[in-house]
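Two complexes are shown next, each including chain A; its partner changes from chain B in the first to chain C in the second.
Our next item is the complex of A and B:
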């Protein structure tokens, strides 16, 4: 029964490869990054998000002092629309970087992430806790230190925020058991990421779920 | 970086005379390189998180999850207040294993080298081989860090250090895990170049 609950590292890598294949089809920019010694690696995605002034107001004058928005290739803004610039200047663009790694201790995937403003200033753990969606806030407040903490990235060695993996089996086991019952193929990464991602602002387009069942049909 | 101070010493300054002189900085915190330490709660959370991970490896988390919150608190308070007996009253349970087994499920260890980009090596490794033989420290290194193993007839290139000493490579890993782990229940192993004096 143990095999139902945990996934091995090879299975993890296989599901990541399938996940990335679909990501490439829909232009979702997930990619695989091997470690320097190539013995393992992780999935990585970067996206940009605007936080409105009210959420970040506790940061003070520096945010409102900005009159022009730093330009990043991936972020497009209609520059000739003055009204839009003025609104955006009072906001902040935040760069989120998400990494999916494999934990051999818990034998499950783990979500690492970091966030910074475009000038490189990182968000603090407090900023991250405050940014968690309302519907997950209660759970977070029950045990913030058990949920999202700052840790050393096991491959890069830099500080990242981590969503604790110790409860992963609790919610993944029913998903896996049910998929076996109805004889349906499930991509572990898709299911897992669709559950944990939204807690930290990462959402998956629905087409990922459909992609898995299509693969199944092709296999037949 | 939230590492035990003894590990930092072994890894970075083992040839220094004691007391170890360090420089404390109050400006220019290197955000990209170091974890913040906002409060005592953060340290407790990090310590307990390592404990839980170690037990996930040793006992599939069964022993630590069966404990009550007050037992977890006792581990932390025992460490914080340097109360050996208080700490070990609970920690001894994390060092037990079923009578029918010869050791833990997997050994919690991390191998550190300053020469690699990866901060540490951590992999699944069983203390007992299929034939019942106990794996040794040498077996572990050969399997997960072969570059650190000195050739048999060659010169000794590296020191394999735990708590400032070099255990014999023939030492059973299970024994090391029970007796030479750090309070977080991990074996933190440093591989450093052999000093050339």
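Our next item is the complex of A and C:
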């Protein structure tokens, strides 16, 4: 059994800094927010999405509960931009705020987020669950309370949704061990966020994947 | 350009593979139930003049994840990562509670809606896209 890969807070902050550096290069608008006493902090990004529109679910089938959609049919349906435009008029813009914090108890990063309509109405936990990408729905429905819950933000003290971190090591460890075998430097935050982000509508541009390997080649 | 159709598995192969070295297993023992249109589509498309409609993907297992007997696949450019995940899950007979992750550059998980054609453009080399896959319990 492989030993779990934890990261310390300093490593967390260092990887966040590298992540933000690339974010600035591509205009992805992540920023670091120190806590009031500056002893720690978190990464933050604000992002707007159209509800039930193009970004969250390409099948647009979240309202139809097609978890058993046969693969054959799924592939017959091309990504239909016309459908997206029709639904966009009837749907609304949602403001998402994503925060990446360090959890001392789990020794891993944790994704906090909140969402509201432009008029300020917050989304409910139920709204969030319904908005989870189709491909994660099955797992979510098996244990919604184990997956996304609502908690108080450790630094801001306001209610946020949280993607539960207790299995983070399970999915991060194999990836990190595999990369270590070939002496490849991996930005923990980049890898981790690329995995958990899509669950809640946050997709990292592909250039982040290349940023890490470029850092290896151009050792400044 | 029909070079060696058996080196790249197009679908539940009808042509005998004859141990070319790139496909690890002969057709009869490869798939119990042919996943018909998952990551691979019926080979009815003619390779286009300039752009190939399909790209070659090499799948590599990470950690304790079972290794696929057939590692090299020809996949349509428009297949999404999600489509590929579903295909591998069926192929490996994973249960619904197990999550499968796919990585480019061994460490970055493209979003589920990402098309493999785009990934090939960004990360492909030597005429193929190497993707690592890993199964895990994901959340909770």
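Here is the rule we use: the second predicted complex is superposed on the first by the 177 of 220 C-alpha atoms of A that agree within 3 Å, B and C clash if a C-alpha of one lies under 4 Å from a C-alpha of the other, contacts with A are read in each partner's own complex, and residues count from 1 in each chain.
The criterion applied here is as follows: contacts are C-beta pairs under 8 Å (C-beta built on N, C-alpha and C of every residue); 3 or more make two chains touch, one makes a residue touch a chain.
Values in this document were obtained by computation on a predicted structure and should not be read as measured data.
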### Query
Counting only touches as set out at the top, which of chain B and chain C does A:166 meet: first, second, both, neither?
both
### Task
Quick one: classify A:190 as touching chain B (first), chain C (second), both or neither.
second
### Query
In the superposed arrangement, does A:133 touch chain B (first), chain C (second), both or neither?
second
### Query
Touching A:142 in the superposition: chain B (first), chain C (second), both, neither?
second
### Query
Counting only touches as set out at the top, which of chain B and chain C does A:199 meet: first, second, both, neither?
second
### Query
Where does A:179 make contact in the superposed view: on chain B (first), on chain C (second), on both, or on neither?
second
### Message
By the touch definition at the top of the document, which applies to A:37: first (chain B), second (chain C), both, or neither?
### Response
first
### Task
On the superposed three-chain arrangement, identify whether chain B or chain C touches more chain A residues.
C
### Query
Touching A:210, do we find chain B (first), chain C (second), both, or neither?
second
### Message
Considering only the contact definition stated at the top, list the common interface residues of chain A for chain B and chain C.
### Response
146, 164, 166
### Contacting residues of chain A [partner chain C, same complex]
2, 58, 71-72, 74-75, 78, 133-136, 138-140, 142-143, 146-147, 163-164, 166-167, 170-171, 173-175, 177-179, 182, 184, 186-187, 190-191, 194-195, 197-199, 203-204, 206, 208-210, 212-213
### Complex interface listing, chain A residues touching chain B
35-37, 104-106, 122, 124-125, 145-146, 149-159, 164, 166
### Task
Report the residues of chain B in contact with chain A in the complex, numbered from low to high.
1-2, 31-36, 38, 41-42, 44-46, 49, 52-53, 56-57, 61, 108, 116-120, 122-124
## Note on the structure
In their shared complex, chain A is touched by residues of chain C numbered 35-38, 41, 62-65, 78-80, 82-83, 85-87, 90, 96-97, 99, 101, 103-114, 118-119, 122-123, 132, 134, 136-140
